[in-house]
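Below is the structure I would like to discuss, written out as structure tokens.
Should a chain be cited, it is by its letter among A, B and C, assigned in written order, with residues numbered from 1 in that chain.
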Amino acid sequence: MSIDVSGLNKKFGDFVALDDVNVTIPTGQLTALLGPSGGGKSTLLRIIAGLEKADTGSVTIEGVEATHLPAQKRNVGFVFQHYAVFKHMTVAKNVAFGLEIRKRPKDEIEHRVEELLKLVHLSQFAHRLPSQLSGGQRQRMALARALAVEPSVLLLDEPFGALDAKVRKELRDWLRRLHDDVHVTTVFVTHDQEEALEVADEIVVINEGRVEQVGTPDQLYDEPANDFVMSFLGEVTHLGGVSLRPHDLEIDSSPQLAGSVEGTVSRLVRIGFEVRLTVLTVDGDEVSVVVTRAHARAHRIEEGSTVWLTPAAGASVVPRMAAAV
Amino acid sequence: MADTLVHPTVEEPPVEERRRPPRVRKTPVTYLLRFIVTAYLFFLVAWPVSLVVTHTFSDGLGSIRSLLEDPDMVVALQLSAYVAVWSVLINTVFGVGMSLLLVRYEFPGKRLLNSLLDIPLSVSPIVVGLALVLVYGGRNGWLGPTLAGWGLDVIFSTPGIIMATTFVALPLMIRELVPVLEEIGIEQEQAAESLGANGLQRFWRITLPSIKWGITYGVVLTLARSLGEFGAVKVVSGNVLGQTRTATLAVEEKYLNFDQQGAYATAFLLAMVSVACIVVVAIIRPKNHP
Amino acid sequence: MIWFSALVLIPLAAVVVTAIDGGWDVFWSTITNGQTAAAIKLTVFTAAGVTAVNVVMGPLIAWVLVRDRFWGKSVLEVLIDIPFALPTIVAGLVLLSLYGTDSPIGIDIANQRPAVFLAFLFVTLPFVVRMVQPVLEELDRDVEEAAASLGASRFTTFRRIILPSLTPAITAGAALSFARGVSEYGSLVLLSGNLPFKTEVTSVRILSSIENDNVAAAAAVATVLLVISLVVIVVLDLIQRRVAARG
């Protein structure tokens, strides 16, 4: 059982948001929908939630055909980028909302709210108004609110996008730990590849309305299906017709291996323990190389040095595509 | 007067997010402007209004007391209040519905509707009255005779006054609510939907409470406007003493009958309510926030 | 929606239709009737003059309200809204007490032309101010500071930076002010005496026609006023569209 999306198409006027999307999201896992802004991932999420309707295609949630169900009947929890808190209700009332709609008995509601507020560490704010909370606190409240009704699926739309970097990192870790505790099928949308790589069990890469690749973070990073996935998930450089990672290049002050390419170091920057080089090869490529400080010192690499580059053994390599228009 | 805008050092560092308080530089121009504006408002509004107050109380509370002891006057005041309350009720229901329609939905002719809703603000009250008489007049109106046949007299009776008053106050509630609704957005309602709330629940638990201040201001403004309508009511009511004479009509009548004291006293009562309405809104409306 | 039609659209349509029903001749003769024409002329010119004053005073007042800070400023805010909330008949009485026969400062313009001007000025006071005020409040100070850093004097900054961004609001306010002035009735009843050819405004003419049961004539003149209102609304809409396009 899981979320099954098949044949989904969605257009806004002339703009194609989703183009024949087929994807299965496994139960109980934390899945990221990753891609550039405007790529369609939020649209996909909202269609799964029932907040938007697809033009064609179907959505099945935990075995139940949900394509024509309105959002309120799908039992999905949704967390918005800008929190969508009920401004005129206290934190406790916000969290209790879903339960009150379902006409649960009062003490059950009270108990559950207390439980959830403890889970998200907001117990002492129960009777405050959302306006008195920080952004991070509001988002935790929104999560508690969504979890209150025990949804079969939890959907988060760029949940940390509106927060500053430090809070974002904290909440990211916190979400992972929460998921490990609660085990609800969770799908979250992000354009930050570091976030996806750090938090998700599985990543679905979406670009221009199409699914580019689905896999674990390691799979996507080490075995990218195409140029786009490769460049989106990490640094990419090009050497003689292939794309690879800057840290997957062997650099020597003399030709050690067959097939090395000669070049000159045009720029050298030391950042922490990394040394980032730009090498101009004799073939005319401008290659980025990243090595450790120690390595650079050992081979006495400086600006202007002549060096030889070879792809490292076992490096993930993708044939370079022509530059997109 | 070639001053530049270089300000003297300010204590607090500029904070991008918080709106900077106006850094007031006092030049002769500042004082001049202040003087001109204050004088203008003083001679146009403040002094004349205060004179009404002094005239009313020129022999203590006497004129007001005699006013309230006059049974016809009491009826007039009651009628004004009755009409105003109805106008507020109708305009609130209609206003909320219309505002939601305008903000949340797209449909052909929306801009036209938007413009048309401003009509009551720019139309002469006499024309309003005329229009209503033409349609609902008991003798030759378009719908009047039919309605009269059903026992519903509109013109020259209270329903007509209510209609006229509701008409002139129509845009006020909508103009208050539309900006509020636009600012709130639909996310809260979508969140409620995802939590299982149906349409009615969303409206009652989320939409209405979040616009309650907008509704409050709208109610107060509509009330003030409704109590104060004169021209349209004059045409539509026939000004029958004790039956369709509102407080505003009473002011005119008293003055023309040389009952200056009575006129001032009635005017004072009406003015007091209007000013109270403005002051209430000014006080409860927080600065820089709708 | 049906609601709206019943209350607003049908009656207004009735006015126009009745005017047309009466035939073109009646329409024309009514409008060109000496007394009526005089009333229309008086109304339009006075409203225009008052609007001109408001176009100057309005932004001025808004400026002081937004940019200045002094004790008692909130009183000014209340004063500005009074003409909007005050019953028009009371407004007439209010003005009469200072500018009428018993005036403490000896100015008596009751039953004279200036009275019409004064009444219009009173009731249209808030319109330009309240349109300009929010725009002024939202103005990005950074732009003014940029101008200053480039060497612009305060006056130049006002003329070339601030004023252009206020123009749509001023125009919208002026349109409303004009429409309101042209429609005014209640405040004139006691103040101007409604003397034909001297201080009689269009609304009063319509009323007399109604009271004389001359519905066609009333409708004719009313249609003229409606056309004016319509022009105002169109102008307002155009401005809104322009402003929205500029973003």
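Here is the rule we go by: contacts are C-beta pairs under 8 Å (C-beta built on N, C-alpha and C of every residue); 3 or more make two chains touch, one makes a residue touch a chain.
Here the structure is a predicted model, which is why all the values come from computation and not from measurement.
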item	value
Chain whose average C-alpha position is farthest from subunit C's own	A
Middle chain, criterion being Cα centroid separation	B
Maximum inter-chain contact count - chain pair	B-C
Rounded Å distance, subunit A centre to subunit C centre (Cα mean)	58
Chain centre separation in whole Å, for subunit C relative to subunit B (CA means)	16
Centroid spacing, where centroids are CA-atom means, of subunit A and subunit B in whole angstrom	52
Residue list for subunit A, restricted to those that touch at least two other chains	none
Shared interface positions of subunit C, touching two or more other chains	none
Interfacial residue positions of subunit B with respect to subunit C in the complex	1-6, 20, 22, 24, 30, 33-34, 36-38, 40-41, 43-49, 51-52, 55, 94, 98, 111, 115-136, 140, 142, 163, 166-167, 170, 221, 224-225, 227-231, 234-235, 248-249, 251-252, 255-256, 263-264, 267, 270-271, 274-275, 277-279, 282, 288
Touching residues on subunit A, where the partner in the complex is subunit B	49-51, 70-78, 80, 82, 84-89, 97-98, 101-102, 142, 145-146, 149
Residues of subunit C touching subunit B in the complex	3-4, 7-12, 14-15, 18, 57, 60-61, 63-64, 66-70, 74, 76-83, 85-90, 93-95, 97-99, 104, 121-122, 125, 137, 141, 144-145, 147-148, 151-155, 157, 176, 179-180, 182-186, 189-190, 202-204, 206-207, 210, 215, 218-219, 222, 225-226, 229, 232-234, 236-237
Subunit A-facing residues of subunit B, complex	187-188, 190-198, 201, 205-206, 209-210, 212
